[in-house]
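In the two complexes that follow, chain A is the common piece, with chain B as its partner first and chain C second.
Right, the complex of A and B next:
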């Protein structure tokens, strides 16, 4: 029983971070109907950003994550103007190919610069033992940071003028333009926010797991599962989807081999698409 | 007219001679036919009087191998080649080997980049065996690449000493010319079980958590069978994907199963992450042995998480395999001792500390050298027979090959040494804790 409880808590803590990664993917889908296939490499860039800043300036990794977040926002806006803007109104295949190209460019450059050797951010916050449960400091802080990010995104979307613009463009881009909303800039901002969330998630993961430039791929796949689970285009649903996936990842190994985890995850992915395609928390209407 | 014809014939002869000489220079040195050497190149009219002994013949032997200059095996392969080249340079610098008939044997090499790719290995070993006419072969690094090269060596009747290749299966397919320097995978972890039995005979429960790769699975399955044959109960036996970074679920399972000892791992990254997360999660464990990662110097970067962790290694500089220990065991010792190898290697490679891959490369050359000396010939059949009969101690450890038809060439003499990270004056350092004859310190048990 203790063993299951410990597994559930581990999964929950990790689920918050998965949620942030998935929020980035689903925000971009929700606002501009673009499936961002460069999501994984951007998560990996977030990891490397924290690794490099921590290594070069010995800055606290959480301060480094703030810098990485800003760089992620700028990178996202740049990717939008360079690769996405021209094909935003084209069929989905065009945007898929455009973001896949960005994916390949980042992976290619990253492999050339960093190689595929694993890296570690040598940082620890110790651990807290409560009976049979040991909580790792870095995971607890990451979960709190993820909650803060999710709360900040919610406030931004629902309490600020630009948040309203984003929601307006997501609902009806033509109507929003008629109301004077600069839709192209709002789309760029949305793409930037999506990549910023991916970079933050990568930075948080880097504080407790080793990584390579190819490590983002696994989190991108998880983000797809979470996006479908929480409802595509619903960022807050994505956070809850992340928690569900995290708990599943914690519980599944308690009664079957750990290698079965992805099998169950993707079975769930297919099941949700078949039975409740709008996700558990409702997709963008 | 006759004089003109003679001149033309002489010119033709000279040009043919020059052309042949050019070809010889471009191609790798001849193998069984001695390359022209300074000693034997004296013109006939300057030959020594009949009663004087003829100048010793010098024969240059070509050793072929591939190196993974690119690809995933690059680091280990480079060290292996460094070790091999150190051996070759030392033998040549000492004037080569001398056979009983006075023939001097010098060594040359032919080598290509195999790109860590099995297909390239087969293509290149075929080329070395046929076009480059290499007399002897040394394996590439890794079991997978070596398995591909071994088939080619056998096909062309070339003696190949393998190093950096632990898998047993390569030597269980009826090969007759392939000889393994490394301890095979099936005995990689069995020594750790023996060590545990010696440290604490009351221990009963073991857990195996290992990477799902051919090498790790082979190693762990053999160790598990061995442990069960000794009466141990295996309370957890589970593999993880090579890309695993989160060992939380395994650690939770280990907490529940409460084994006395954990064995497993796979390669450097997963092994060091596993050790780190075991430490972070405060998992109480008395004995932790992981494959590959602990012997690497970088493992010390884990700090407290490295303390007490044991790892099998093919060779360690501290392992006391010396002439004295050979005499004590009534065995023949051949070659340099570990201390000298470390000094020579560091001097040759800008202070780089030799790993067991480097030592394996050197040992492969050393075994070939010893076989040529014992055979008193470079004839592959005689050299293979000498390897079959070999039973000696080197700086790399005990060497003896299986000569049965089922597992010909499999290494049966060499044992792994087991290192443990221990604290020495505030610094972490590796100590050899097993086998007892090579130990430099007692094992810390239970681990801190």
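Right, the complex of A and C next:
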């Protein structure tokens, strides 16, 4: 029993981080109806960013994540202007191909520079023992950091002028233009925020899991499952979707082999799409 | 003096030309009606002025400045505001958030509170429903919100496309009353309105648009007496 409880809590902690990654994916979809297929590689860049900054300057990894966040924002804005902007009004296939190209470029360059051998950030915060349960310090901190990020995103979207612009452009881009909102710049900002969230999630994961430049793929798939769970386009739903997925990942291995985890995840994915395509927590219509 | 001048503007969609050299000038503090059959190009004219469509030829002048190439958001920043056909509300946002979005241009930001009070006095219904999602408002309430949101932008020129489409007669009277109030504040306006009789009664000047060209123009009072206008647009 204690073992299951420990797994559930462990999964929950991880779920917050998954949630942040999925928030990035779903924010971009919600604002501009673009499925960002470079989401995974950007998560991986977040991991490498923390790894490199930590290695080169011996900075605290959490400080490194702040830098990675800024770089993630800038990278996303650049990707938007170079690859996404020109196809933003084209059929979905064009935006899929555009972001997939970015995906291939990052993975190609990343493999050339870093090879495919696993890295890890040599950093530990010890562990936390609560009665029968032992939790890794880095995971506890990552969960709190993820909560902070989610809260900050919420405040940004609902309490600031630019957040209001983002919601307005998501709701009706033409109307936003008529109100004086430079909608293209707002789309660039939204894409940047989406990649920033992906990079932050990657950075947090790097503090407790080893990774390669290809590691983002798995988290990209999780982000899709979570996005659909929480309702694609609904960043707050994505956080809850992340928690559900995290807990499932904690529990499943106590009943069946770990290799079954993705099978169950995708069964869930298909099931949600069939019975509740708007997600558990609703989303944009 | 003309605040906004449309000079020999041609425009259209894709390959299809709709406007064939339109000249319109909006005089300061005056309400100008744009009259014409369905498909005459009234909406196209307003969209082209606003920068939602690029003019193919001709030019658009605002306060002596060539604004032909400016996008819609820049026009709004300058004080040219469109209340579009079909309302185009932010349906996921509350009534008040829609109004605050209306005040996005820099020139309107500091006046949010004053203007909120102003539009809530004009439309008490909106005040009662300020937290309701705009998508769930009735048609009439949505139209009030669309007009109110335009006022929130603190416009110098306000263009309204289809003021009363689909509204109950009482509400139409209310909205025309609002137009009169706005005129008294010195606002320059351009109005497209299905009810031509009322439009001509409330406006100072009018233009009749047919097949993308200005067919007739003049003081509204004179056009209301014009034989052609009476038979073609007033059904008299």
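Definition applied: the second predicted complex is superposed on the first by the 285 of 285 C-alpha atoms of A that agree within 3 Å, B and C clash if a C-alpha of one lies under 4 Å from a C-alpha of the other, contacts with A are read in each partner's own complex, and residues count from 1 in each chain.
Just so we're on the same page, contacts are C-beta pairs under 8 Å (C-beta built on N, C-alpha and C of every residue); 3 or more make two chains touch, one makes a residue touch a chain.
Note that this is a predicted model, so its numbers are computed, not measured.
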Kindly classify A:222 by the partners it touches after superposition: chain B alone (first), chain C alone (second), both, or neither? neither
State whether A:182 touches chain B only (first), chain C only (second), both chains, or neither. second
A:174 contacts which: chain B (first), chain C (second), both, neither? second
For A:39, decide between first (touching chain B), second (touching chain C), both and neither. neither
Scan A:127 for contacts with chain B and chain C and give back first, second, both or neither. first
Going by the contact rule set out at the top, does A:136 touch chain B (first), chain C (second), both, or neither? first
Which partner, chain B or chain C, touches more chain A residues: B
Which partner chains sit in contact with A:7 here, chain B, chain C, both or neither? Use first/second/both/neither. first
Quick check on the superposed pair: does A:165 touch chain B, chain C, both, or neither? Answer first, second, both or neither. second
In the complex, chain C residues that touch chain A: 50, 52, 71-74, 76-77, 81-82, 84, 88-93, 97, 100-102, 104-106, 149, 153
Chain A residues touching chain B - in the complex, by the definition given at the top: 2-3, 6-7, 10, 14, 118, 122, 124, 127, 129, 132, 134, 136, 209-211, 215, 218, 249-250, 253-254, 257-259, 261
Residues of chain B defined as touching chain A within the complex: 212, 238-241, 243-246, 248-250, 252-253, 255-256, 269, 273, 280-282, 301
Residues on chain A engaged by chain C in the complex (per definition of touch): 161, 164-165, 167-168, 170-172, 174-183, 284
